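After this come two complexes, each holding subunit A, first together with subunit B and then together with subunit C.
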Partner chain A sequence: MGATGTLTRIGQGRRLPKAPPSLVGFGLLLPAMAIVGVFQLYPLIRGVVLSLRDARTGALTAHNYDRMLHDPAWQAAVVNAGKILLLVPLFVVVPLLLAFALFQAFRGWRFFRAVFFLSWLMPPVIVGYMFTPLLSADGPLHSLLKPIGLGGLAHDWLANQHTALWAVMAVFLWTIFGLGVGIYLAGLATIPAHLVEAARLDGASRLRILRHVVAPLLAPTIALWSVMVVASLLLGLYGFIYSLTNGGPGYSTMTPEYYIVSVLLNELNPSYAAALGTTLFLGVFAIVFTQMVAVYRRVVAD
Partner chain B sequence: MLLFRHGVRRVLACVGAVALLALAGLAAAGCGGSGKTSSSTGTAAGGHKPVTLTLGWWYDSKQGGYAKLLQLFEQKYPWIKVDAQTIPYNGYYQKLGAWTSTGSGPDVVVLEAGGLGAPYYRSMRALDVQAFRSELDKVTDPTVFCQDYDCAKGLYAIGFTRNGFPVYYNKDILRAAGLDPNRPPTTIREMAAACTAVRKIGKACWIIGGKDIMLDLILSEMGLRVATRAQMEALANGTAKWTDPEFKQLLSIVHYMGRQGWYQDGYVSTDALSQPAPFEAGKSAFMPGGMGDGLDWKDLGDVMGFDKIGVMNMPTVTPGDGTGATPGPLNDSLGVALSTSFAIPKWSKHPREAELLLRFTLDESVQKTIVAEPHGPFPGLKASQASWSPHPIFGDVLRMANDSRAADLLTYIGYGYLSTLNAQLQQLSLGQVSVDQAAEAIQKAADAARSK
Partner chain C sequence: MSVETSLADTRVSWGAPAGTARRSLGVAGKAAGYGFLLLVTAAVLYPLCFTVSTALKSPVEYATNELGLVHHPTTANFSYLISEAQVGTGLRNSLIVALGAIVLLWICGSMAGFAVAKLRFRGRIAFFLVVLSSGLVPFQTIVAPIYAELHQFHLLDSYVGLILVYAALGMPITVFIFAAYFGGLPSSLIEAARLDGASTLGILTRVIVPMALPALAITGILNFVMVFNDLLTPLLVMQSPDKQLFVVGIAQALGRFQEPTQMAAGIVIGLVPLTVTFLFAQRYLIRGVTAGAVR
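Up next, the complex of A and B:
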């Protein structure tokens, strides 16, 4: 009898007690849970606790949340966040159209793909400082628009309370659309070519192909990009605002995240900043969670 | 047993030999180390251990007067190397806030007098005023020093420069506009007329970086036009309010300056660091700037020529000038306070070496050398220092500094609600809010900052 036989005999004769499957699964999850607990849940809970402390005495209080309700700067920031979210469709559609155009594989499309993506690789602060003179009243944009009769469009976009937010958004769109194009192109590559070809042979226009063939098949990608756009719009504008407007004129470009950092570092008030941060987190969580549920239902239904 | 004894002896002999070898090795290493230190620093004979002192500030540490300060310090104390971390001024206090929040950062930091630096004092080591007395007496007026730093409450920083915000002007543009460059406008009424003349020749009147801090600095200097020192102190400690008449008058001055079109187009999206270039290029007649802390006479003179620039006080209020303000007793004063000051944070790993740097900044010969440097700072602590620079404008700036009778408003109130202040001043100067609305909003922010 060889060694294999001996092992088999031992295995048959002395069975090790079997752990319940749930316990094994839990054990395997433990390292990941520990990491999540230490690096995500603990700071989150600590932030919530800090938000309920008085900055001077450390006593438990709801004062920070009360102040938030009456803080004009925060209110302006929340209104601005609402305005910004109205632009989500634009941020979703523009890269989709460009990706679809590139997907036609016209001559030199790879060059444009690379160029589009380059803007996303630039640090937001650099982009901001690059665009500041472009958007000023005496900047190069002004010089270009005036001779072609579009002088009316040339004014100081960042210095006007009615245009500053949209100017910042335009700069952000310029920065991020390349990433969207890249993600859409990856999604488009998974669409079976024969479906597009069949639609084309049936005489469908490019727009109809995009609307009735490509868009439905691309739904999970569009949904993913939408979630990324919402999160970026609410949590990723700090560098742009810092370099372009500093939140002004007045509060016209103040966003919740920018205001939180301002409260933390200018006012040196971590408790209030934590209250604002907790509120922002809950807001973003609610929006993204709703989006995710909608996406999941759509995917399951499809 | 004998065998055992023999074994013990062998073991002892081996241990002894190893110990001797180790000692010899240590001695050799020590000698080698000493020689190496000596050759690199030249002072190891004094028994000093090489130290790297980290410094957080907003200055260029590679060139200019502040770089010279560090270079001279390292020459005097060759075992100390200063590793300076430069943070732009408009982000410096944010960074200092982050350092104090985490309790870690550079061994030495810079901050400013009054309310600007005060929020950070609790994170700084208290300094012994008496121990610094002899150095302070040589280069500064101790009364002025302790007025800015309130020595009775404890000294937390050593002031190196005094700073205020005068207005620089381009003499050529004034001449071209039909104005006398040797008699610049001194009142708001005269300035309004000068701005009209300057705009007629296609130039901007004032150039300012209103995106971040310049509107706050203008407000701060204009505070003296209507408020007394006691009123500014009261505003800082909460017994006076922004809705009080004198501070509403101050806001109405800012409103007036903006609505009269004194500033260049797009001033609210221009940051302070971008402000000097158009002035130096001759696109505007006036520019508010510092005294020796950047955007100052030396920077401008280096580019434009020292004979081309003049310096003047902020314009004063006169009855019926359109601002709706009534002149206060300090109307013609320029607010000046100790600016760049060196402090040792509690987290400093090298407090002894840090204190050496603080003392070094008070050395008169060091200050004199630095003033002579291009982009050199402006200690400006005694009127007798006028001979330190060949340029007459230095004497003008020094005289203005020494004629000052109070600090500017920001020195009293600090930066606790600067973001709100800046936002309201932008809106006010653009005419988007009324004086009453701005006063209410700023007061709310001040209350919130105080309740923190």
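Up next, the complex of A and C:
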């Protein structure tokens, strides 16, 4: 698996003769360490300190965390994050099906992969603005649905608080699925051809080969992609929400990451934003960590 | 080894025809597969075509022909946009910040990646893990303290401040890619250079870096996309409009506009730079983002 494989390979590097490696080595690490330390790790610690201070007086207080527990906007954001995570299987399976389809020796698979990839490359905030008219009640989606008798389904997806969150998710799926296809294809390329060949000689159908030979060998890639999906669902929606809904209507598309930024930039309350940010970090860390342990334990067991 | 070639190799045996019965089954399956792929392709391309078509309409045509294909294309919306959204300034600023961050990441990332992959000393694995896991810290978590920190260092509304923040955000993946790439290079080359009397720094600059062009291309393009597509960081750091980055400038203009044809033109302009980049750098980009998946 990704980092582990690299670590193992690095561990096998041979000891080089002469030179004082520690000094030179640390010298080479220093610039990267300094940048990460000053602009990633120090702010993380400083954020914890900031979150424990009163916004006006600077005195030590748990006030920010207390407010968080009773803040309706934050509660709505956390509930929305939970709803969003229900869609993880969809985000994992759709690119998988497309990658399987492309893997079946289709002519022009490079073309399809390139088209799918293109949407991932686009700036999220611009994609959001692009979809705003498309999702409106008098938009082209409506004119597509009407002739096939689904005109009743057409309404202003983004203005309705029951559909807005799912509309944002659909736009996000449009943007990110191509990345998943690319990653799955890279994983499929590592599967030894002779295993597939052997299964075919034994008379297994394509579907059975996919289910019982390819899918288990692809498990590490699926695991990696599902971790990426969870991380981007929780932390990568800012641009989409900014342009599509601004967190509304009501709090129906408010997410933790979006709320933190609006507390900072609109309410100008860095202490409270730091408290929410620290909580978000712990939450995301717990979810991703649990997911990785669960997924990799199964991969190892397989 | 590129993903392309290995996938093609796998494909040959996977797709080889077997019995006739299976082949006729394969035709039906293939038709279904193509249908599925074409449907998804249409779903990807339709919004783009619709937006381009709208952007080419005059407001007069839009009033009578809102959803159909454009009949009398005009570039008026684009010329309006280019002056209104300060497209030229935005592009210049995005390039300055992206190139600054990329050069800084190349220098720091290649040095650190080399040390981790090719030198043996205590603490290098610990360093590697710390840098990699710093990539797990959500930017929204450190957004408030970073703002305070930049304010304190007088780095708000400056290219340098934004470049440094991006260097920190891009460091984990950059160090990872360089370490993985250098790890795959044979150590015998380094030992040969060392026997010829080269110093560690000399080996890095004269032996390793010239061989690292693919890693430079991949990290360069990945970080370029990160800087170019980002909304939140420049929104936070930059304040004066003449320093604002391209995508933010477009987004803010789109927030002000009411005329749908003008909005569509702004969207098209916002999508063009990376689409062009993609056409030229597709191979490195796909390899770059899938790099971590298959090692």
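Methods note: the second predicted complex is superposed on the first by the 251 of 302 C-alpha atoms of A that agree within 3 Å, B and C clash if a C-alpha of one lies under 4 Å from a C-alpha of the other, contacts with A are read in each partner's own complex, and residues count from 1 in each chain.
Throughout what follows, contacts are C-beta pairs under 8 Å (C-beta built on N, C-alpha and C of every residue); 3 or more make two chains touch, one makes a residue touch a chain.
None of the values given here were measured: they were computed from a predicted structure.
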* Now for A:G248: first (subunit B), second (subunit C), both, or neither, which partner does it touch? -> first
* Asked: So, does A:N80 touch the first partner subunit B, the second partner subunit C, both, or neither?
  -> neither
* Return first, second, both or neither, reflecting whether A:S226 touches subunit B, subunit C, both chains, or no partner chain. => neither
* **subunit B versus subunit C as contact partner of A:F285, first or second or both or neither** => second
* Asked: Which holds for A:L265: it touches subunit B only (first), subunit C only (second), both, or neither?
  -> both
* Could you say whether A:L188 touches subunit B, subunit C, both of them, or neither, answering first, second, both or neither? => second
* Of subunit B and subunit C, the chain that contacts the larger number of subunit A residues -> C
* **Partner chain in contact with A:V24 - subunit B first, subunit C second, else both or neither** => second
* Footprint overlap on subunit A, where subunit B in one structure and subunit C in the other make contact -> 138, 261, 264-265, 270-271
* **Touch list for subunit B against partner subunit A, complex** => 93-95, 97-98, 100-101, 119, 211-212, 265-271, 274, 415-420, 422-424, 426-427, 430, 432-433, 441, 444-445, 448-449, 451-452
* Asked: Which subunit A residues qualify as touching subunit B in the complex?
  -> 55-56, 67, 70-73, 132, 135-138, 156, 158-159, 161, 164, 244-251, 254, 261-262, 264-272
* **Partner subunit A, residues of subunit C touching it in the complex** => 3-4, 6-7, 9-15, 18, 29-30, 33-34, 36-37, 40-41, 43-48, 50-51, 54, 66-67, 104, 107-109, 111-112, 114-125, 127-128, 130-132, 134, 136-149, 164-165, 167-169, 171-172, 175-176, 179-180, 183-184, 187, 190-191, 194, 199-201, 204, 225, 228-229, 231-232, 235-236, 247-248, 250-251, 254, 260, 263-264, 266-267, 270-271, 274-275, 277-278, 282, 285-286, 289-290, 292-295
* Structure fact -> Residue set of subunit A touching subunit C in the complex reads 2-3, 5-7, 9-11, 13-19, 21-22, 24-26, 28-29, 31-33, 35-36, 38-44, 46-47, 50, 97-98, 101-106, 110, 112-119, 121-126, 129-131, 133-134, 138-140, 143, 174, 178-179, 182-183, 185-191, 193-194, 196-197, 200, 206, 221, 224-225, 234-235, 238-239, 242-243, 256-257, 260-261, 264-265, 270-271, 273-274, 277-278, 280-281, 284-285, 288
